[in-house]
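Heads up, there are several structures right after this.
The same chain A turns up in both complexes below, where it pairs with chain B and then with chain C.
Presenting the complex of A and B:
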């Protein structure tokens, strides 16, 4: 073991597979960032440029809290939008604040060339072996997929549970125990066991429940704190929540060619980051006759801002209501509640009228 | 047998509105007062006024409905049968008066919204986000700067032949533009008319962006009392704008109707005006989230609390 204590900012519940990747695959210690709270956001906001997108602020807050918890190696990735500049800026800000750490920016590699990727992982731990990473990586990828499948099921059912809190508690247990799993076979059995538990949770689901699709920007959609727990809020109103966006669908598989084909009547050019998926899924939810769509993004997210006019066209073509949310570090809770309640009233009144 | 009546309260950031309706949705009592940052105080002030307006009639208040940004708080202290968001309340109120309405413009003290309706159902809506540009509060502060009463704004605006163009994107720009134009020698009535136009331009560019505005259009909220803004709207959307005589009360009316529809039989008494309600804020402190928890006490007894994001902060009653 080295004295490396690596960390990566929170994204949904993926800290579980990430921890396995770092500890078992790269063989270094991993510091799970403390759960995101108001303090995380305050720290991140205080030291970020005011107009940077909100995920940058959350990431920075995670880094600071992880550094406080003993992390000494910070990892960042890149992407097809401003995310590509995050790493450089995070590193500079944290250095200016006087922290001592190593910064490994995967964003600076070309993922299409596996060797550079391997080299950058080597940067985290020079003693890392290819054999080990080849053994652990498939387990990590499966973990991501199973988490995504379980959470998809939860979103569609949690609003109807008989005993409030049952899904949440089972979900927490599912994630906690998964952290010790290291083999694919063990993981598979574990997954089957838990899916059966999830499916056995008693639900009161009407025959034709309200269905709402959630679409939008990568980070805001996957980090409940950053969208004010909008999915949970909606579910408790008794709504089936459908969200396609997750790591399985965006990083492990590449659905971009399909998305582009689906939406060719609406979009000619690639619009960057998640905009194509946003539009593709909106169209799909509309075609499936969903009761409504909710679009979430961080304030100032350019690709998702560009997607909005297209969404408005889909909304009017298919007569499906779309509610737009733009979150930043100072969004008022009551404003979100008011809009969500009105959204619920609108879709239920429409449904009852039909 | 006493008549069953229904009370609707709309407690906004700037003003508190209330109506009492009968079973046919006729308004039998109504009042509009300033909230002045004290929603509980405003409601306590409002209730005796209703009692007086209803006089010696033989009636009972069968249900209370509450809307507006202080709806949760006032809902608890009045034991409301229904607590509804202001978007739904406005839509229900308007549809009861104008069943054919297709578009509702609403501009209040701090917020503004647009509601689109088709066949008596809400199909789309939007509310201003992040910014209170072009709302009543902005007009009030500019009226003060110009030394006129905001109530006279409309009248003065209508006398202008050449409204001064004023930047509409943001109140900060609008204000500096206004100061600049005044110092250049533009007349007060032209500036006021220009402000009314700026409010409309801002509304249509922000809240109304991407929404298809179809007539009949109904305009309501406090700002709908301003004839200058009505005129600016009519010019901008090239359509007639309907403004009800009770256009400031529609939210309260809507929630009163919803209260009636709950079929509650509560027999609400106006006496709560004499009960002592106190709210206290406390920081949870059980994690670094530090949720701010609000506790509501009735005569020193805790009746409700909220603000916690997780179960750790639940307060036992």
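Presenting the complex of A and C:
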């Protein structure tokens, strides 16, 4: 073992597969960032430029708290939007704050090429072996897929559980025990076991429950704290929540050509980052007759802002209500709750009218 | 052969409308010369004014950047006054860099915003990673307007030369200014911000009134600037910002102060400005965020105190 203590900012529950990737694959210690709290956001906001998008601030807060927890190697990736330039500024801000660390900026390197991927990981630990990473990477990718499948099931059922808290509790156990799994076979059996447990949880689901689709910007949609736990809020109202966006559908598989084809009546060109997926899924939810759609993003997110006029057209063509949320570090909790409640009242009245 | 076909059909005389916003300020030599050579009528929307801005604000999503709101205002002005509106779509210049996703989206943004009006846009798409380059885009555009491929290609080559000549003249003029005595202020801003008559130009005018010489970051040799940009930032993905940062590296030692001028809430600038402020420590920097709301009084005060600081610094150095 080296003395490397690596960390990567939080994204949903993916710290579980990431931990396996770092510890078993790259063979370094991994510091899971402390759970996101108000302090994380405050720290990040205090040292970030004013109108940078909120994910930048959360990431920075995660880095600071991970450094405090002993991390010495920070990893950042690139992306199709401002994310592509996060790394350099994160590093600069943290250096200016006086922290001592190594920064590995994967930037916009094409991760789909296995060899490039390997070379970059080697930067984190030069002693890493190809054999090891080749053994662990498939397990990590499967873990991501299984987490996504389980969470998709939870979102659609948690609002109807007979014993409140059962899904959450099982979900936490599912994630916790997964951290020690190192083989694909073991993982598969584990997944089957847990899916059966999830499916055996008693639910009172009406024949035609309210269905709401959640769409929007990559980070905000996947990090519950950053969207003020909107999915949880919807579940307590007894709604089926459908959210397509996750790592499986965006990083592991490339659905861009399909998305572009689906939405050709609305959009000619790729509008950047996740805009195509946002529009594609909105259209799909509309066609399936969902009761409403919720669009979430961080303040000033350019591609998602540009998708809004298209969403408005879909909303009026298919007569489906869309609620737009834009989060920044100052968003008021009460404002969100009130708007959600009004949205709920509206969709339930529409349903009863039909 | 193509020419004969075009002649036989004798398409009705069309007029192209050009919004005087966003990429206009980078490409107007190229566009105007292209249409002139092809003998195609075109009109350019007027300088941005209060009315155009308000129109844009009405059509745009609240959170959109000021520059894109202004753009929609210009498009709205052109509605009904021409047959086609030129809305170029750019996503990538290949290895040179990418652009803000606003330029990816602008074509569809216009199409989705003005759903109640009847209008046509010209298809003009540059996406080097998918081998859609500028020349191809211009030939397509010429053909769409009823000209032949060879006519369009010829017009593009002429237009490209005109653009080069014009930009060289502007560059040489600035070179002279760089060697002038007196206080020089380097303005780092996108062309569509600093050259816009309503938002950027008032600031340039004020700087001149205060007896200083404005130097423009966008007036620079692109190739040289892209190389020099690495001195300040190595991973910057956006071509337009890279060019400006390169200019900053090139001109920094010849000027007395730097103004970063940004329209709210510009995505790329939100990060790049912070990098500049953190990395450039030997020159005073003023970070101006323009939201199209303020009168000039507040701006004047900020500019005055900025110039005062520079004057103090200079007199210190002389003592």
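One rule holds for everything that comes next: the second predicted complex is superposed on the first by the 348 of 354 C-alpha atoms of A that agree within 3 Å, B and C clash if a C-alpha of one lies under 4 Å from a C-alpha of the other, contacts with A are read in each partner's own complex, and residues count from 1 in each chain.
Everything below uses one rule, namely that a contact is a pair of C-beta atoms (placed from the backbone, for glycine too) under 8 Å apart; a residue touches a chain by one contact, two chains touch by 3 or more.
In this text, all values refer to a predicted model and were calculated from it rather than measured experimentally.
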item: Combined model on chain A: chain C and chain B, fit or clash; value: fit
item: Which superposed partner A:275 touches (first chain B, second chain C, both, neither); value: second
item: Which superposed partner A:129 touches (first chain B, second chain C, both, neither); value: neither
item: Chain B versus chain C as contact partner of A:326, first or second or both or neither; value: both
item: Which of chain B and chain C A:349 touches, first, second, both or neither; value: first
item: Partner chain(s) touched by A:105 [first = chain B, second = chain C, both, neither]; value: second
item: Which of chain B and chain C A:189 touches, first, second, both or neither; value: neither
item: First (chain B), second (chain C), both or neither touched by A:308; value: both
item: Angle at the Cα centre of chain A, taken between the Cα centres of chain B and chain C once the superposition is applied, in steps of 10 degrees; value: 80
item: First (chain B), second (chain C), both or neither touched by A:172; value: neither
item: Partner chain in contact with A:119 - chain B first, chain C second, else both or neither; value: neither
item: Chain A: partner with more touched residues, chain B or chain C; value: C
item: Minimum C-alpha separation between chain B and chain C after superposing on chain A, in Å; value: 5
item: Doubly contacted residues of chain A, that is, touched by chain B and again by chain C; value: 299, 308-309, 312, 326
item: Interfacial residue positions of chain A with respect to chain B in the complex; value: 34-35, 37-40, 165, 229, 299, 308-309, 312, 315-316, 319, 321, 324, 326, 328, 331, 334-335, 337-339, 341-342, 345-346, 349-350, 353
item: Of chain C, residues touching chain A in the complex; value: 61, 63-65, 89, 91, 100-102, 104-109, 111-113, 115, 125, 233-238, 264-265, 267-268, 270-275, 278-279, 289
item: Contact set on chain B toward chain A in their complex; value: 69, 84-88, 119, 121-127, 129-130, 210, 212, 287-291, 309, 311
item: Residues of chain A defined as touching chain C within the complex; value: 48-53, 56, 78, 80-82, 84-89, 92-93, 96, 105, 107-108, 266-273, 275, 299-300, 302-303, 305-310, 312-313, 326
